[in-house]
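The following blocks contain the structures, represented as structure tokens.
One chain, chain A, appears in both complexes that follow, with chain B as partner in the first and chain C in the second.
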Partner chain A sequence: MLTFTLRRLTLFIFTMLVLTLLSFSLSFLFPGDTVINHSGQINATASELQLLNDAYQMDENIFSQYKAYLSHVLSGDFGQSMASQSPINHELKALLPATMELSLVALLIAMLTGIPLGFIAAIKHNKTSDNAILSLAMLGYSIPVFWLGLLAILLFSITLGWLPSAGQISLLFEIEFVTGIQFIDILLSDSPYKWQAFSNASAHIILPACVIALAPATIFIRLSRAAMIEVLAASYIRAARAKGLSFNQIIFRHAIRNALIKIIRHVGLQFANLVTIAMVTEVIFSWPGIGRWLIESIYQRDYTAIQSGLLVLSCFIFIVHILTDFIYAALNPLARGNKYGS
Partner chain B sequence: MNLLDIRNLSIELDTPNGRILAVDRVSLSIKEGEVRGLVGESGSGKSLLAQAIIGVLEDKWHVHADRFHWRGIDLLRLTIDERKALLCRDIAMIFQEPMSCLDPTTLIGEQLSEAIDSSQLTGHYWQRKAQRKEAVVKLLHKVGIKKHLQCINSYPHQLTEAICQRVMIAIALAGRPILLIADEPTAAMESTNQGQIFRLLANLNQLKNMSILLISHDLENLTHWTNTITVMYSGQFVEAGTTGQIFNKPMHPYTRALVDSSTKANLQLPSKSRLMTLPGSIPILQHLPIGCRLGPRCPRAQKTCVEAPKVSSFHGHKVSCHFPLLHEKVKKTQAKQCSTKGAC
Partner chain C sequence: MAVLTMKFNCLLSLALVSIVSSLVGCSENESLSLSERSIIYCSEGSPETFNPQLSTSGTTSDATSRLLYNNLITYKEDNTLGPAIAKSWHVTRDGKKITFYLRNDIPFHQTSYFTPTRNLNADDVLFSFNRILDKTHEYHDVSGGSYPFFQSVKFPELVERVEKINDYTVRFVLKRNNSSFLANLATDYAIILSKEYAEQLIPTNSHHEIDILPVGTGPFLLKDYRVGSLIRFYRHDSYWQEKAKIEQLVYDISPSKTTRLTKLLAKECDVSSYPIAHAKIAERNDLQLESVTSLNVGYFGFNTKKPPFDNKLVRQAVSLAINKQAIIDTVYRSQAARAKSILPETSWAYDKNTPEDIYDPIRAKSLLEIAGYAQGFDMDIWAMPVQRAYNPNAVTMAKLIQADLKKIGVKVKIVSYEWSTFLRRLSLGEHQSFLLGWSADHPDPDNFFTPMLSCSQSKTVNNRTFWCNKEYDQLLQDALETTSMKKRKQYYAKAMAIIDEEVPLLPIAHSKRFQARDTNVQGKILANFGGISFHHVSKVPLSATNESESNDASVQEVEQ
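So, the complex of A and B:
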């Protein structure tokens, strides 16, 4: 297990190095002066520019420039936003938790609906329920997310009036900013209206999270169905039947864990896709997250914000990916042990 | 008394081109305390037959039988659930490739303990866990695994094939079966391990009077361990009799060919000469010949072989052939010829 953790950690470090290299090179590729792209100070005076050039070591060769950039990034200094002239790390601190919250809730919804449905489809293979679930999955996968978001607002917020259409929480509630993740902040706050705020925040997150979850859930349905069919045809399931175990025992004790192993890595891969969908959905539902901020920065040609936003978002996706790898290892004894010759 | 009595069991497979009769009216009977061998080339339907007996075939296979008696109980009259409960209690099965028959993500100990029926445990529910563990250890000792703690706490991929097969046998023994079906238990195993597994099975047969249906493609090896043998070819019944009858006086041309192709029965053969083999190979399921399926390969095939032969019995030695090799007659005719010629 230690070897496994160390391997994942080195993978993480090297991938982050490559990602910083990419965002570093973006400053050269974007129009404008490199040091201004790095720092985002568009209105700098000559003396300030001189200071910046020193800080980013622009007079040295490209390696020391990269080293200077890396030390800035590692110390949490992403420069200023070109549009608002406020430090980007403050904005990120405020916005990233909201996106994390939304995408993780969406991932949870997608997994909790998609995987059991896929298992049911596999168990009822070639029966009506299987076909129904598969065609539903096909339908869900082919609906574009922006259209679905608008339809959901139209139906659930405007026509039926069940759920709010925009924002993270009603403006009536004053929640102190601690972690940025709304639910945790609400639970930490000592407001007398804590639970009202909590239910209000839950009502706000349902609609965007479900819209985001639809496409990944359909993918999970197909993945888990295929995995379960494969597992149910395996010889250890036949041996378990010959052992005299009941069907439920076979499914819950043997089949589910083995099928989960086959899909858990795909969950990590799908998370990148999910975050992309979340960015679009944040715009539709005015969710104060990093996705909406990033898309706005792209509209405003805020190069500093774009490169640091990309860096932080991909870092988040990669961390989730590694976490799923750990879950995979926890479930699969074959991945944990020492492997020889591999 | 016959433990298991099956008459005319057929297994059909649903394919896009209609149903195919994979196993064609095979009869099989096993007496109490007997080790019966089931021999045939790969693809002759022996595993299918075994899986049909225990009822773990997939839905695409359809099984019919004229008679299916288990210890005098007519199983065809029971509902599927009753039959399954009865058979799972009394019959256990071990498979080829034991490694793939154990759940790769569950510890051996758990897999063993879930095979132990809770009706075997006495005592209150808080004592059950300890009793289960004790029973697991006992089972492992029974199959000759001494390092039980190490074995309980390992995953299947950490053990060797032979130990996995022992664990499979232990799982099979957990239900205290009356009949054990061993489907090529030593396929892909080294010969020392093969011997160990067969000796273990023979011990169980002698000490616990457990009947065993031993499925294999290796007739010569099988003769060491079995009392009676049934031979199958391409899903058809070929010949059944005691091991001596089958190995020493085969009546069916196919059994004859099987015996001739083994080295032990041909010790008198001059060195570096070829062993007798049948030309051709077993027909695939989509192109089964009509009548006797051995027909195209049979050295004694005649026109009547396009109709499936009926089973005829010679002192309990059953053979399904139009032209069985009858040794006594052959000897007699030879003797006659000798006497007419005057010198032999």
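So, the complex of A and C:
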């Protein structure tokens, strides 16, 4: 396990280095002065500009510049937003938790619906229910998310009036910002309307989370279906059957566990896809997350915000990826072994 | 691995429980109590500041003036002046000294950042006005030192000094008589700040906070503001008048008009500013669309210093050739009143006998012949590039005018620049004619006549027709110097007749301001002019509306 951990860590460090290199080079590729792109200080006076040049070592060679940039990033200094002139790490601290909350809930929904449906399809392989689930998955996968989001608002918010269409929680509730993850903040708060706030926040997250979950859920359907079919064809299942185990015993004791291992490997990959969908969804549902902020920054040509936002978002995705890898390794001893390690 | 699967199962059941509980929690019954006592208003933008002295933008005064502050005097329902902070006032015969007698029972807001130790008194009034008048005042230059409304009415030139007679008596000494002075004090901008709060900010050198974290005497106090997201107000519980009926007021800042509509339809806001899809809102039983005719005018102005519009006959001919009703139906979608003069018909000074030039292209053509332009001529129209209440789409309007004028042989070229360039080049007089408008700051008729067409304004900012008529200016001067409403009305009637004869501009429409709200929100929000107010707004409990609806239904059944 130690070698595995070390291996992942080095992979993480090197990937992050490549990512910072990319975001560093963006400052040169974007129009405008490089040091202003780094720092976001568009209104800097000549003396302030000189200080910035020193801080980012702009007079030195490109390697020292990169080193200076890296030390800024590592100390959490992403410069300030060109549009709002407030420090980017403050904005990220306020926004990233909302995106994490939304995407994790969406991932949960995708897994909870997609995986069981995939298993059912595999068990009823080549029967009507299998075909029905597969066509549903195909349909769900082909619907563009921005269209689905608008349809969902039209149906569930406007026509039926069941669920709210925008934001994280009704503005009437005052929840103090502690972690930024709304549900935790609500539980920590001492508002007399705590439980009303909780149910209100839950109602707010259902629609965007389901919209995000649809496409990944269809992928989970296919993955789990394929994994289950493979497992069911394995010799140990045949052996179990021959031993006279009941169908339920075979599925629940042996097949599901082994099929799940194969799926968990893909969760990390799917998460990147999911966050991309979440960014668009955040715009549609006015969700105060990093995706909406990043898209607005692109509109406003806020280069400092774009590069730092991309860096932090990809870092977040990568961490989730590695975490799922760890879970996979913990569940599957084969993956930890040196000879099978990737 | 078994342990892990168990954990997974636990997670699964937890998630299921939370989803189910949240679905159950969706029914609004539990939060009824809170939402019944609060109102969410979907506003169109963020205020620039929380001190309306510093801004003339409608969004700012909507979010500040009548919520956070009070004036010395105020406009009553019938557009006449009435008492507010000043319980009464006295004007000397020459009109140069105005004494206000203040109430002594007006407390300031108690907020997380300020606790008042005394009620409002003459010092606060002096502080609020000296900040504007006295260039050496400690607070004059805080937040930019620009007081656009007061500068536009030449307040600093008019007021000689403000005196404190005693703790509850204040006297304004004017350099000359000006009958719109009181009206200016009743606008959204002439609010009273707390001197005690200002003094508290000085030691920490945080002067600017007076305009960011406001303290006033109004029916609501500021609780929380997040730029671009929300403004939260609480009720001011020791308000000197009747307390506001709602406890919490939230401005949900939603610049996108479709978002505002969605939120309104999904019941996420109770009231929405500037709604779109009027027909859709009107056809729903649970929503209500309301409008007021604003004190503004959209007009088509002529550059009277440049040929051919230096000729009165040409101006008359062109205005006769324009089909105003078609413009109102298309550009304003019939949501505006046709303008007969620059003054809206709702103003007390409006003269019912004002004639209106009726669309008459044949007479226009003959007038052009008399003026020596029988073959027509080429001209340009400068259409403003931005959308305003008084002119929602100037370019379309220009195209309609272009088509109308083609019929009398006039060829029109439409010109449009980016807004600031547009205004700058207009002030240089590069145009022949232009589409623009004017929004009044208060209902005093002078606020239309002087800024739009007086000689002094033709040299500075507002009068882009460069029209200057001594007789007209004299009438305005006379009207300001008399205090008799009847005489003023006569003077203004004569002034309107001059405009009608000389046609420096063609008034087109007085637009309406729209607002949509849920039917369970009751009370007046919109005013004819100035910012909105939530002081008298209340919410009918949901259960009560359901009952009344069922009552209605039963009545209908009986009728059938």
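In this section, the second predicted complex is superposed on the first by the 336 of 342 C-alpha atoms of A that agree within 3 Å, B and C clash if a C-alpha of one lies under 4 Å from a C-alpha of the other, contacts with A are read in each partner's own complex, and residues count from 1 in each chain.
The rule is short, and it goes like this: a residue touches a chain if its C-beta (ideal position, glycine included) is under 8 Å from a C-beta of that chain, and two chains touch if they have at least 3 such contacts.
A quick note: this is a predicted structure, and the numbers were derived from the prediction, not measured.
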Partners on chain A (chain B, chain C) - clash or fit: fit
Partner chain in contact with A:149 - chain B first, chain C second, else both or neither: neither
Partner touching more residues of chain A, whether chain B or chain C: C
Computed vertex angle (chain A) for partners chain B and chain C, CA, steps of 10°: 150
Which of chain B and chain C A:243 touches, first, second, both or neither: first
Partner chain(s) touched by A:165 [first = chain B, second = chain C, both, neither]: second
First, second, both or neither for A:334, with chain B first and chain C second: first
Partner chain(s) touched by A:235 [first = chain B, second = chain C, both, neither]: first
Touched partner set for A:254, first chain B, second chain C, both or neither: first
Minimal inter-chain CA distance - chain C and chain B, angstrom: 8
Footprint overlap on chain A, where chain B in one structure and chain C in the other make contact: 257, 331
In the complex, chain C residues that touch chain A: 1, 4-5, 8, 12, 15-16, 18-19, 21-26, 30-31, 34-35, 38, 40, 223-224, 227, 229-230, 232, 248, 250, 252, 254, 259, 262-263, 265-268
Residues of chain A that touch chain C when the two form their complex: 84, 108, 112, 153, 157-158, 161-167, 170-174, 193, 195-196, 198-200, 202-203, 205-206, 257, 260, 286, 288, 330-331
Footprint of chain B on chain A - complex, ascending: 233-236, 238-245, 249, 253-254, 257-258, 261, 331-334, 337
Residues of chain B that touch chain A when the two form their complex: 51, 54, 56, 58, 88-89, 92-93, 95, 97, 100-106, 114-115, 117, 155, 157-158, 168, 171, 174-175
